[in-house]
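Per-chain residue numbering starts at 1, and chain names A, B, C and D are given in the order in which the chains are listed.
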Amino acid sequence: MKAIIVRPPNPGAQITDVDEKELDNYGKVKIRILYNGICGTDREIVNGKLTIANLSNRKNYLVLGHEAIGIVEEPCCGFSKGELVMPVNRRGCGKCLNCLIGRPDFCETGEFVEAGIHGIDGFMREYWYDNPKYLVRIPRELEDIGILAQPLADIEKSVEEILNIQKRVPVWTCDDGTLNCRKVLVVGTGPTGILFALLFRTYGLEVWMANRREPSETEQTVLEEAKINYFNSRNGYDRLKEKFDVIIDATGADAELLNAILPLLNRNGVLGIFGFPVSGTFSIDFKSVQDMVHTSKLIVGLVNGQKPHFQQAVVHLASWKTMYPKTSKLLITKTVSINDEKEVLKALGEKEPGEIKIRIYWD
Amino acid sequence: MKAIIVRPPNPGAQITDVDEKELDNYGKVKIRILYNGICGTDREIVNGKLTIANLSNRKNYLVLGHEAIGIVEEPCCGFSKGELVMPVNRRGCGKCLNCLIGRPDFCETGEFVEAGIHGIDGFMREYWYDNPKYLVRIPRELEDIGILAQPLADIEKSVEEILNIQKRVPVWTCDDGTLNCRKVLVVGTGPTGILFALLFRTYGLEVWMANRREPSETEQTVLEEAKINYFNSRNGYDRLKEKFDVIIDATGADAELLNAILPLLNRNGVLGIFGFPVSGTFSIDFKSVQDMVHTSKLIVGLVNGQKPHFQQAVVHLASWKTMYPKTSKLLITKTVSINDEKEVLKALGEKEPGEIKIRIYWD
Amino acid sequence: MKAIIVRPPNPGAQITDVDEKELDNYGKVKIRILYNGICGTDREIVNGKLTIANLSNRKNYLVLGHEAIGIVEEPCCGFSKGELVMPVNRRGCGKCLNCLIGRPDFCETGEFVEAGIHGIDGFMREYWYDNPKYLVRIPRELEDIGILAQPLADIEKSVEEILNIQKRVPVWTCDDGTLNCRKVLVVGTGPTGILFALLFRTYGLEVWMANRREPSETEQTVLEEAKINYFNSRNGYDRLKEKFDVIIDATGADAELLNAILPLLNRNGVLGIFGFPVSGTFSIDFKSVQDMVHTSKLIVGLVNGQKPHFQQAVVHLASWKTMYPKTSKLLITKTVSINDEKEVLKALGEKEPGEIKIRIYWD
Amino acid sequence: MKAIIVRPPNPGAQITDVDEKELDNYGKVKIRILYNGICGTDREIVNGKLTIANLSNRKNYLVLGHEAIGIVEEPCCGFSKGELVMPVNRRGCGKCLNCLIGRPDFCETGEFVEAGIHGIDGFMREYWYDNPKYLVRIPRELEDIGILAQPLADIEKSVEEILNIQKRVPVWTCDDGTLNCRKVLVVGTGPTGILFALLFRTYGLEVWMANRREPSETEQTVLEEAKINYFNSRNGYDRLKEKFDVIIDATGADAELLNAILPLLNRNGVLGIFGFPVSGTFSIDFKSVQDMVHTSKLIVGLVNGQKPHFQQAVVHLASWKTMYPKTSKLLITKTVSINDEKEVLKALGEKEPGEIKIRIYWD
């Protein structure tokens, strides 16, 4: 069958025919691919930069792709023919308690696998067989933006984790019982930043986004429709006179950014790190450490959503189509056909300016 | 101004002109009414049957109405002119800790008031002034079904409470981390039952509804679209061979119904009572009590949503427009004009066959 | 070896020599018995009244005993020779998620076993081999009252579950952050009632106990030392003018008792049923059901503590030796030698007047 | 009356007569002082080094002392004459929701006061009047070590907060339902380190302590009795081949220590900072930040216990007298009489070698 394959740690991607007997499968539900999403992780693999990427056990290549929507091809195991489904990409180690209860996002052994990234084949291929346990239903009416449920799941999990963490504070809700008085700063206006901002708005919080430039036209639409504030951080964060209950680093830039934003954190606040910084050092001088202690501040690394978060993501995407209709229409930047090999490989190679999400359509 | 007034405990309702200076107001945001929803509680007041209904302090009538969407008439206090808002109807006692933190659903004194029901005027009037603390934004795109956010808020709170209660069980999620393996039985197919069923589906649970007849055409549409199972309980519950992790009594019928459904509860299960039975006795013989102890069963009364639940209701209604488009269109049974006095009074007097929600439009 | 055996469902108990090769063992740690506690469940088995009691799989008798302290006989698996240990008696089904994570108190299949009660041999025998997973360390200084860690574990779990359940209430703590303002009524002054009362006092709550007579001298000592209030319920509960946030039925008497105490429950309150009523019916008329709904009341069955609760029980017993020294000395009513066969069999047959705990000493 | 006073920011302490009319009082319960504890914070004030220390509003000196046990002098407000009580030292801002519900440890305004430190007079004086809300009962049998309830309260709160935070992990308990498989490293063997270690042991965790030398004889006794492991970190932490689920910095030394211990943190682990480092910088290079993200690591500042934590501390101290009798006897290093002015001022000036807790006795 046709598939997009990679050979990590070597750079490069190929659209080619592969022997389906060589490929990993995970269950009995036959799924024909409909869409794949492309994200930064795919590009790091294609560019040979993702050190954790590796082959699946049985051959010298890996099928790429961890964002996918497919169509159930034969009725099986509770699924009807024609239903749209999305596979959960990280799958447990089979050993630790968190994996046993379906939560490999908190795997304790590190021996989980991730389809299309390390250990098992991904979903950029004509079809695969999967286990119902790993399949999330996508409503037909969400076909247009449903591919975002995978990246949004990571963010659902992150926000859920922060809300869970803040139960350490006896009352973190406001005097009307909501979270409306809580302020969030999301640093970075890429797809991750936008999804974080929309999700925190959906939970009722006041949201600020920041980047080192004025917002693009697309970003401006999102900011206006979802009532998100914006700060241009080109000249540093000193002029930002707000304090935030939650700050999210969604940049994956230099770790020194963290030095600049930590002082903006409110008492009892949480600094969540979602991106992977690629240079620099996060330095907290002893006075700032004292301040963290005196005012109960907290720093946490945020990673990976699981099936419950995919399902939440579906609900939230569905709600955004109603609540943020203009924004919803901007979330898919482009759809390229799998038959347009050149465009597909280009999209896999590098991010387009202003891109939120590019998807591949298997027509 | 024009208003719909009642004089509990006396039956009857009047559409009449009232002196606006006599009416209760709650803040600075001027809100012009757009829609009122009518629910069973309104009808109980109009029919002189709701014993808790009483006047507000200052006059010999009460403005009816606790379900409302209005339009902000002047910019104020963070609200723009033209925004749609819904008032939260129950307001705290000002004394207990739960009311102080905006959660009079768990008021400890019982001295809270409820607009249009007891203590303060409701919202079936041309305009009122309110406090931002009690106002929930309704997106323009939700104008069509937004009035349901008030009744749905009670159900959001109920489901949230059940999920909180079940944290007593070390792992209540399934082996995929979701709640998909958990089964709910919702008894009663009125508006409350339907909203419960849709909400549990949104949380991923398997849902059964039951009533003592075959489902109506409207109900059939909901069942099919949202993949809800149905049981005709005319001949009792013995033939229902399922066990349920959650059972909701949404009937408000005879308390003896509870005798019939308690045996359907699974180990560690929750029986939630939402309706108010009007006759009969819930009898649990000693063997059933023993069984409750041996298998950690739980019975809980469920009541009243607050502002966080209204906001959740808005998100869920917005998602249902995408996920359950046919169902969404059926949720508002009819809109009657305030100018059609006869129709309004008829709607306030009794429920229509098959009605889900009737709303009054102030044109 | 010498053992106390039963043949459920037949009544009767025997102290006899058994072939150790026939007995169930659970691991590698060899444990020589030191003390067994006797409780109501043992007596129900001996009297042929416990319907759930059954043999272990391999022979026509069952070694009795689920309360035990033993001495590790050989160093093994992290235990030193001479350490005192208590076995956890209920052991999981090996199938459901709660059992997989060590919490068969919430087993979902009901296929757990209980040593000395159903499925596997108990601990009234010279020695057995066990798995460290099921062993709880007992400090030497707690040898005197440590046997109570088993029955107290059930109560630790019950109180923990109630505290978990009450997280449904946004603020259930008092205005000083404690639970000191919360009132508990414990009905029944047997060992269970006393342990419940002491534990709630340890958590800071105000506690009332009730029984249908004046307190005994022993009870009076406990009440005074631990500052527990008392109500003589001989003439009914009408004269008890308090309302309670938690009511515990620890009687195992007639289910009609529950009718009498439900009206004493405060808003947002919990009625916990710990005992197993042996007759009667718990009847809640529709007005009381309405009240449960209006005021968020909750009824829950409470059962079985697991290893974390045994460990908590050890800490609390240790604290009581300091905080309630007189009470601590009264908790063990009598110690009978295994060599005094007549006394042992008598103690296994029926409860002594005023007994809190009788233990068997294997000297 | 006699009192120990300070004049921050100036160094120095005086035992002198003060006009009782000048002193702050907080309620109606008259309390005669019995013991004061001396801690590092007192010494920082006396040495003029605590920048947050300031006078109470009304005069040019401050009564020192935030660790105290007193005797109720007249029956009042639910307290009997002769009861031992300990005052809670931090008192709320009266504005934020956390202070309103008795939890100024999470005060959101920072406008709380702390008796004997900033804003209001402390308890090193013959008597004061207090509000029952701020008083914790100390059992007579705990008179010997009860003064430790104040410092232990901070640690109770810290451990509670960590356990709350770890509810972010779906299953953080072990396969026997306990926390016995979780490993803690406590860095620093001062009083704080010892109390942390004992408390984590009480919760069942495996504990390691570390310091840059061999343990003292006193420390050795604690380590052996409570089964705590020890690591001499003089030559760095590289040779420590364990990974830890929780690491506590209880040193208040140089922030660079944090660089050395962060790599010892397990997946999903928590680094809790309790001490206040006085120099250096905590530097986390980008690879370590990536690791924090990939493996969900978390860093949190820990501070201040409130009344529920004082009450827990009382229970735990009471339990330690039974469980760790040798250790309990070592916890109070010395008792000095208030009449021995020279000794008192010496004790206020500097820590003794090997000191755990020195208390002043008002005889």
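Brief remarks on what is shown
The rule is short, and it goes like this: contacts are C-beta pairs under 8 Å (C-beta built on N, C-alpha and C of every residue); 3 or more make two chains touch, one makes a residue touch a chain.
Computed from a predicted structure; not experimentally measured.
The set of chains in contact with chain B as well as chain D comprises A, C. Looking at C-D and B-C side by side, the one with more C-beta contacts is B-C. Chain centres here are Cα means. That of chain A falls 48 Å from that of chain C. Centre to centre, using the average C-alpha position, chain C and chain D are separated by 35 Å. One simple way to say how far apart two chains are is to compare their mean CA positions; for chain B and chain C this gives 41 Å.
Annotation for chain B: residues 97, 100-101, 103, 170-171, 173-175, 177 touch two or more other chains.
Taken in their complex, chain D has these residues touching chain C: 88, 100-103, 133-134, 139, 141-142, 171, 173-179, 202, 204, 306-308, 311, 314-323, 325. Contacts from chain B toward chain C in the complex involve residues 97-98, 101, 103, 105-108, 110, 161, 164-165, 167-171, 173-175, 254-255, 258, 266-268, 273-286, 289-303.
Those residues of chain C that touch chain A in the complex are listed here as 97, 100-101, 170-171, 173, 177.
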